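Each of the next two complexes has chain A plus one more chain, namely chain B in the first and chain C in the second.
For the complex of A and B:
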């Protein structure tokens, strides 16, 4: 049912964030649900989220799912009549989806003033939000050049470079190993995030932590752009604390014999290495992120 | 009505005079005076201006505010006061409109999930709004009066006997802070003279009048002396949204020397200096004055061959600062974002 809808959404609209696709699938599931109680709804939603994470076990789907569950709980607290509650939920769900579709533009508007004319930017792998920010900077007539890491093992950096060339931005693809070498030439580092954790740190494609450490060592600002639905209720203290289900692809988790021999796809960057986070809730320092999460979940 | 027209033109005259004074520069105005003048002017605009709804009033304030801030971008207190007034208007409107006192005006994940999609309109006219807003501004003015005293009152907690305190330039807030502590404790102060204007000299004279043992030294000696200093206490022109400072030129050097020796750096600044701007956005913070102070015009031959700059301000990143002491208490730089959300509304960050 929603498995196929979810997969279809991800395929048809490559521009949509996987968390948004997950929330859309869950909303569709909610509309079709025949249950009569909130408890029943919650348990079927939990099962649905589980199914979705078996398709795509990334952080984004997990955060989208948790946010949706929270949304259900908050709404059900206000209305005790189930059918009225369900109507309100569906209405608010649509409004929420509409708002988040605007979030990338909001972020681009906040972030592009930080890119000065003549800047040299370093970015990592393929991020749609970073692409939107750079697009906004081009629209405001700024000239800058970009270095992209190749980002093995899937060479996502090449995809990013192709998209940037279409915008007429001078782009250089560099080896992942060349980050330390290139850092002295760079003015700022701009990356996206798959998830933003409670401490204000981020979970992103493997290699991000390295770039952050190099940037810190050479005093270059390290900016993160992420939508607010990526905020996740995790508090990892080191790389080990990040759950395995995020580190490896869903298929690998199912089939692999020994996970320690697999290469992880993501890493954790601690908040002390991040200068500022640009989200649709505004420009935040890493210490402000936990405040936002507390406001939501408490 | 001739009365209204007269008042209207008198008001625009006053605004023009204020803008011209800001643009003129001249001698360094005191931030508190600028804030007070801005608030009084805004109060007059609200009292005499032609508006009937909150939305119109906010647009009016915003237009005037843009004009005033454009006259002198480095005087951030003007913009800060305009934003405070806009927040006050929003609050008073909300109170009359019957909404709850919660900060549900702020963007948050929570609001994203639970809102019904309506955005605030500000179009319902409320007759008592004018009086309420003016009263709130009067409260703001009273708060302004007390800021230096509130900061000075915290002095005894931070300064202990036989300590060596270092400061730079001349800050009236720090002067009041140190004077208050000197009433009960005995300590020494080293003042960096802060070339080329050498305002440190005036600071030293004022402190020594209160029988505080003061030493003046040149900026070049800051690092050399730092090992003997217990605390560094400075004032600032502006506090930025990420907890950084725009302070008098030479402060970054002082902050780096303090960091190297692990000496705490305390910034005494009232809350009206907190600005919701971030650094990196168009270098409009830099103010340059005549290089006459650095290299006088009498050195004509050399002047033709070189470039001389005389910047007034310095940027100090938040990692170098230990504590902010303001009229509402002591805070860490990482907490500034929270104070900002209490003072200003996110929609007003861009005037």
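For the complex of A and C:
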């Protein structure tokens, strides 16, 4: 049921983040649910989130789903009438969805002042949030140029370059291996994130960690833009500590015999390499992420 | 009365003269103290007048101890000698004294009224109101880091005399850098200076103090648990004397016991927090709650159960997620929490891991860890701390315990811990610290010198082939022995702190403290 809705939504609107589509699907599921108890509803929602993450195993889907669940269940215990509870939960779900869809614009407003006139920006792979930020910078009449890494194995960088050319931004696509070469020319690095972990580090497309290390070595600021629903309660200590279910695509997890032969799609960047994170909760330093997470989850 | 009417009271007798006077007439110290008090009060009056002339300044007129305790008044050259003409002019000393007395009486009456209100309000309203003084309170340094300040020591001596607790003497020459800390000898326990049975100190507390000072009870959790058990017994044996309020009297009765324990061995952060909690709870109780204190579950048991035992369970579970298959875990010294975590993880039989136990002299606590782990069947290796750069390349993570977690994220733990963290960082090995939230302190420390503990220097003497190396250290003028107990690890060397509230980075400790203070 919701698998098909979810996939349909992803297909129809490529601009929406997969997590937002997941939340929309969950809201629809909530509306249709025929259960009679809060516990039953919770468990069926959890099962739904599980199903969705089996379709798209990105970090954002699981974190978005968990946050959705927490957000709607914060008030559910106050009313004894189940249908009233459910109404309230649906209402809160709508509020959550609305907040989440507006988050990208909020972030763009916060971030574009950091792009100065004449800046040279390096970005990695295809990120819709970064695209929105650069769009906002263009709207505020700034001139800048962008270097995009090609980002193998799916060449997502080419997609990003095409989108940027439509905005009339001068863009150059570089090899992933050329990041160390180009770093001295750039003024700042701007990447998106698939997930923001408790330590303040990020999980993003493979290759991000290298860029961060090069940026640190040459003292270039490394900025991350991410919506708050991407905050996840993970705390990886190193690359190996990131759970397998995020490293590989959902289909690979189901079909592959030996995971060590598969190439991971994401890597973990530690908080010491990140300068600032731009989120809809504000501009945060990596150590402030944990504070925000404690506020969100406790 | 000496000195009252004379105009030339400014400097008083010089230092040498005063010494002579105190030697000749034993009454003289009493008078000079009174004189000092008078001088102090008069100076305060002057300051207040000056300030009220300058502009409005809301400074409370506390007749408490002055900001620089005990400095002999004759040695303050820049201060205005009270003999000089006063700016207000005209008021005689007797009138000023009367004014001051009236003010003090008024303040005392106010304080009593407030206490009565609070006593009623606290009974009705929990959580208790936090002290709402918005004035900037300069926190006074605790006595145990001011050993080289004679004034502070004199204050302490007076306080202990009042409480009838013996003062423990320091032993041996100290290293200059640590001369502000106490250094005691284990061969001279405090109980030698008091009569047993003591009339003021409960025998269970005497026993506990002895156990602390001789090192029989070691480790911050163990000390805190023992303390709570003894307090339970204390409270059970307590009976409110007539005309006294339970809450205030019990807290006052506890003070000499706490001083005694502090003299036996400086209180640990965990014990400090437990005592703070107990005092707060007790002072909130009205008289009618008296039977509740002796019923079970009593306050101490609740604190013990929730904050120590259940927290250990929660931490053990969280830490289990971080232990992977075929892990090599390095542990240092003996931490009850880390041992429990490893034993539980081994019992769950999900992960195969082995442990490297690092140990250091003179405490050799690693042997106790080794004993406990091997008994459970965990594969262990034992090395001394000099060998860590040799073993670290094969270690996958380091698991450490903590004595306290400070407000800036620094970890205070057994000496040697920061060394392990530093070398692990150089080898890129993640460092995990396990610590319950009740050990979180509001204190901030960036180095290991300011506040620490010096253990018995004779512990460093080692007997080898019948010869005591370093045995004659006291006779050698240029030799000092240093036996530190704690050190402070900066937060950037620690990757993760596992607490009962979850896994947090070191920098989030102030957030937890904030959340906890909101809860309470």
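Everything that follows uses one rule, which is that the second predicted complex is superposed on the first by the 295 of 298 C-alpha atoms of A that agree within 3 Å, B and C clash if a C-alpha of one lies under 4 Å from a C-alpha of the other, contacts with A are read in each partner's own complex, and residues count from 1 in each chain.
In this text, contacts are C-beta pairs under 8 Å (C-beta built on N, C-alpha and C of every residue); 3 or more make two chains touch, one makes a residue touch a chain.
This structure is a prediction, so every number in the text was calculated from the model and none was measured.
Once the complexes are laid over each other on chain A, chain B and chain C both fit without any clash. In the superposed model, A:276 lies in contact with chain B only, and not with chain C.
When chain B and chain C are set side by side, the one touching more residues of chain A is B. Draw one line from the C-alpha centre of chain A to that of chain B and another to that of chain C; the angle between them is 50°, to the nearest 10.
Applying the stated contact rule after C-alpha superposition, one finds that A:237 touches chain C and leaves chain B untouched.
Once the two complexes are overlaid on the shared chain, A:181 sits clear of chain B and of chain C alike. Looking at the shared chain after the overlay, A:199 reaches chain C, while chain B stays out of its contact range.
Look at A:71: by the touch rule set out above, it reaches chain B but stays clear of chain C. Of the two partner chains placed around the shared chain by superposition, chain B and chain C are both touched by A:291.
Distance between chain B and chain C in the overlay is 6 Å (nearest C-alpha pair, rounded to whole angstrom).
Of the residues of chain A, those at positions 287, 291 touch chain B in one of the two structures and chain C in the other.
Remark: chain A residues 67, 70-71, 74-75, 78, 91-92, 95-96, 99-100, 113-114, 116, 221, 228-229, 231, 275-276, 280-285, 287-288, 291-293, 295-296 touch chain B in the complex.
The touching residues of chain C, counted against chain A in their complex, run 322, 324, 397, 430, 432, 492, 495-496, 501-505, 507-508, 511-512, 515.
Of all the residues in chain B, the ones that touch chain A in their complex are 107-110, 112-117, 241-243, 278, 280-282, 334-338, 346, 349. Chain contact summary for the complex, chain A toward chain C: residues 198-200, 233, 235, 237-238, 240-241, 271-272, 287, 290-291, 294, 298.
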